[in-house]
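In the two assemblies presented below, chain A is common to both, partnered first by chain B and then by chain C.
For the complex of A and B:
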């Protein structure tokens, strides 16, 4: 005991000495965060649901739920050249689970749940005597193409280096998306026995990114990219509940995808326009566990514009993503859950049901859940108008449509539906916005006869009351 | 038995005399605290000294106001690293001999006052031991010598500051030298000083969607108010006489959506007249190097950030053109810098960095000095199209705060405000007090010349009237709420 006390005393004295000897190493603490609350009513979307909305029934039932999300970001800044960035998330659905630990829980009576999720932990530093910035660790991953390939909330472990060169910024990144060490216990379809373990570092999925963005003038930017996605994940995991949809690539596949992209944005008179084109090529060696050796040859494109009209801004957007036998390869979560990691809604416009909407917290289902539209592709577009009614009240209204890019067997039409939505947001305080919105989708003939007993399914709707605080 | 009784009485007498030789107490002078890692250094140092003095006073310790009469001098330091703090103190005799060292650590500001109490107890215990262990000789003489000093303690004269030691009281600008306007409706965000009309000073004040033209005499008189539609935000107001007619024009930096649509207005004495519209520039009037006030501008990039160089704006016919681009250090933009020259004509850039620390750079961009405290502090911001690296729901990366003005006077004073407050977290800023500081470059660092008395309001903006040596500040006395529009005042403080 005496020895322990002595050691403690010495340790305390040492710590104090170090602390007082390093006053210049005082950390700058920076906090940011987001808190979102929403109460929703819908006839298809249900609390905590994610993935593609299964529009197959009459769905005359209304579901209501309330959910909340807090994101807390803490940055410990040692100096202008070095910082540690962390991000955490706490989600709950009101009335769902208490005294049990896990993500999205703790909303039931009693609360008391360990439900802290880690989103980001990375070092952000500048290489001495250069203009190179390095971000290394688990961080936000975003493409330069409105998240059609990957991004909009995707987090991944990797290294991203960037450096300005005159008006151009070059970025080079490498991310390890998966590194699997076992096949699923229950599901396996490529001949490998279930539950087999194998070495780390073999069954991996890696992404290489090379981006260049040039501010040609103050009113024009353009960029070019090369992305390389290499998937050696030829084994299925329990995340795959069954075989993949036709024309999609997933965890049981072994493939390489090379992605070439061009993007540009410009202010042309009173209008601002932007767009991109992505071309994919590569080889799909195995598909769904079976040798295939087919070539990938696909593309996606987007064009959007906005312009001040009257007291507000008019917006228009169009999106095409290839589907069918040359379906566009995007990045989804293949080993842990069936989450889309390409929140492409921005490319389609302001929509609430056709694609994942910006108000979503942990409930993340949509008619089109990933940019590839489950291998069917997307033809979509929207028009919208947004205006400040007062300096604190903003009103928005949008109309959007979507169709699959390639005809599908068992469907009368490619047309999936037309969405009408409106939103009224009031800035109560700086950072705090409360509002109400709603959306209604008139389903197209793609869903004709797919309801109960061959009837047409009910048109989906959602209404939401929300509060968002960003600091 | 008698012998024993004799010894007891003699021992008791000696012990009593020994105790009385200190008057039962050690005269202790608390010289002060050094503060590291905390914003309001002077204020906290003074508070810590007062707290320690009151807590050390007791049976064994008599705290005195004058170091000359003290047996022991106590000095301390307060250090904050992260959220941890350490209070350290040392007590020394006049000979320099250390009689006590003590420290107390804590993990939050809530523990600070109790920590001072603990520190005082530790020091007092040691001083009491010292008093018992080493009584001073010749108590009667010592008491006689000290008596007059003790008698003077109540109205002693504080020595005039000399050398490196300057008391905060000398630094502060008297609050009585100022002028405060009537309460102005609205949480206003910017102010600029114009010319003079019939002895009254022109002031231009902006809110988010308004420009007010005031004349300041004995009272602040509203001449005209211009309002703007809800889809625009007036970011800054500046004045400069670009056309050389003797009447400074009013330059408004205005943003609408993702575009700048800045305007120029001319005051006539009875109204305001718009002379230019839709200018796609951020604008700011600066007296670079303390010289003549000129207008500078910077463009906006596609992503809403600052684009290109900061350049001087000159009148060219009916239009404007940019010339004389300035090269600024990393993080430099139109709103966070100024320049000055030293006695040898060497040029420097003084700048507020993104964390609000004051920095001085050489002309070739080398960082020469960085402040320990934060300065500036602004709630005035605009939103730019959020960068793609942040998910749509968060958007916190889209806020750009416009920094407080750094003024350089003709004689080389560098004036910068300091807003402080209880709630500055990420982009949610609620400043609640301010003080304005003046510095001078001493060749190696910025040295404080003076600061104004602390005001319990957020300073939204200020201007320096060089002709009158006055600071003209715009303070928010009530923040905008769900129902009320808030309120502001114009405050004028003499600097000489």
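For the complex of A and C:
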């Protein structure tokens, strides 16, 4: 009896310990996500297309497609100081591919496909006894400049540390963008023997970020940044679109770029104003395998504002990105596909065809695909108005223009076009918005005579019906 | 047996006290948003989470300390950033 008494006592004490300890160790599972559907009609944008819209044919044909995207985010939170963050993506174009494995597939009859994409997998933890937060792993990568340099859906592997210091937050990050280990003979054009295998850790592209953001007052913030991009990956690949301007940064060049930035935002009475200036300098060592040793000297600037007018909000923005022989360095995918990993649409305003925008998923093409405009630079601006027609109905209308920053051979003008667009969104339920929108671009003389047989190409348009659900 | 009875009584009393404490604090501070505690019955969409955080921040220093408010603001920023990342375009 003595033994069983002891056992019972220990068991009771143990049960008590577990019962009281459980809440402290309970893992919190957090799920969030996004589902988007869109059906589109356009005379230039076709299902699954990405990159710069090629405005060269007559383009009087209308193409239509329907696509869907689901993004699922799962966070395993041990406590407020430690969590694992993951994000996945499932994309499909209706009618495209089934019973085959790969991203963006499974939309054809039968559906079955393995098309789960990994977007984020990273650890998020606070360093004990400090205010330093660390995010380590594959995560979203964004600059502090509306994604003109890098961002707009970019994900990369690296470490990002941040810490508040009074009213200022400091961030320090390092990301490995590329580490190539092999090349294909067909694209080996830097003098290296064809088919050679590189050692890992040599043909790399790395990015260092240092950001400071200060909440100077309740209504004013300003920030400063230093970014360092080092590209030792001078080997061309089939994925590279290549800049139009020769001897500029972008694959296949070996370069170092230092980026200095200033940004600010302030509330001035009823208006909110923000803007930034980015200056770049550095050295382009080689271009396409040839020694170059040219100096990089470029910049980008943006100014935007919004103000309550009548029942809604009026918006205005202006943007300049340098081009030509001193083209602005932005970050693009250079090894897997010619995807843009930056976006100037956030700085330009709400557009549907001129630049990348949140409506684009796997079909992702725009007249200006990257902030550097393929080495040509951008002069752009927009005005817009947004209003709640009812508590559930939101209407938007925008006008925007864009031109290349530097004159191009073979083009009558720098002016690329003017976009007019409108959007009507209805909040059906909490989190679910359905809507329609459309955009029409009046092409500028940049495209004059570039249509079939020297004709002028037709003006691009797009109309979309969409549903977006966030939870 | 007396010992066992004593231990079980103590355990019962402690388990009875805990919810009362949680209820009392929940009236003023949202412990789930602030410390990720007592989240068992919380199922929020990202939109609801943002709205709740904004509501708690509005309570200000009457309910929360300056350190609590900083923490809530950081969580609001994180939730808004996640929402932006979810809906942003890109491959």
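Quick notes on this structure:
In this section, the second predicted complex is superposed on the first by the 438 of 471 C-alpha atoms of A that agree within 3 Å, B and C clash if a C-alpha of one lies under 4 Å from a C-alpha of the other, contacts with A are read in each partner's own complex, and residues count from 1 in each chain.
The rule is simple: contacts are C-beta pairs under 8 Å (C-beta built on N, C-alpha and C of every residue); 3 or more make two chains touch, one makes a residue touch a chain.
These numbers were taken from a predicted model, which means no experiment stands behind them.
Of the two partner chains, chain B is the only one that A:308 touches; chain C does not reach it. By the touch criterion defined above, A:362 lies against chain C but remains apart from chain B after alignment on the C-alpha atoms of chain A.
Of the two partner chains placed by the overlay, only chain B lies in contact with A:27; chain C stays clear of it. Once chain A of one complex is fitted onto chain A of the other, the partner contacts of A:146 are limited to chain B, with no touch recorded for chain C.
Residue contacts after overlaying the shared chain place A:221 against chain B, while chain C stays out of touching range.
In the superposed model, A:267 lies in contact with chain B only, and not with chain C.
Touch criterion met: A:428 reaches chain B, while chain C stays clear of it. In the superposition on chain A, contact of A:390 is made with chain B only, not with chain C.
Touched by chain B in one complex and by chain C in the other are residues 16, 19-20, 23, 26, 28, 32-34, 36, 71, 73, 77, 80, 140, 152-153, 343, 358-361, 430-431, 468, 470-471 of chain A. Contacts from chain C toward chain A in the complex involve residues 1, 3-4, 7-8, 10-11, 14-15, 18, 35-40, 45-48, 70, 81-83, 85-91. Within the complex, the chain A residues that touch chain B are 16, 19-20, 22-23, 25-34, 36, 69, 71, 73, 77, 80, 140, 142, 144, 146-147, 151-153, 215, 218-221, 265-267, 272, 308, 311-313, 343, 345-346, 358-361, 387-393, 428-431, 468, 470-471. On chain B, the positions that touch chain A within their shared complex are 36-37, 77, 79-84, 86, 88, 103, 105, 208-209, 229-231, 233, 256-259, 299-303, 307-308, 330-331, 353-355, 379, 388-396, 425-428, 482.
By the touch rule above, chain A contacts chain C in their complex via residues 5, 8-9, 12-13, 15-16, 19-20, 23, 26, 28, 32-34, 36, 50, 71, 73, 77, 79-80, 87, 140, 152-154, 164, 337, 339, 343, 356-362, 364, 430-431, 468, 470-471.
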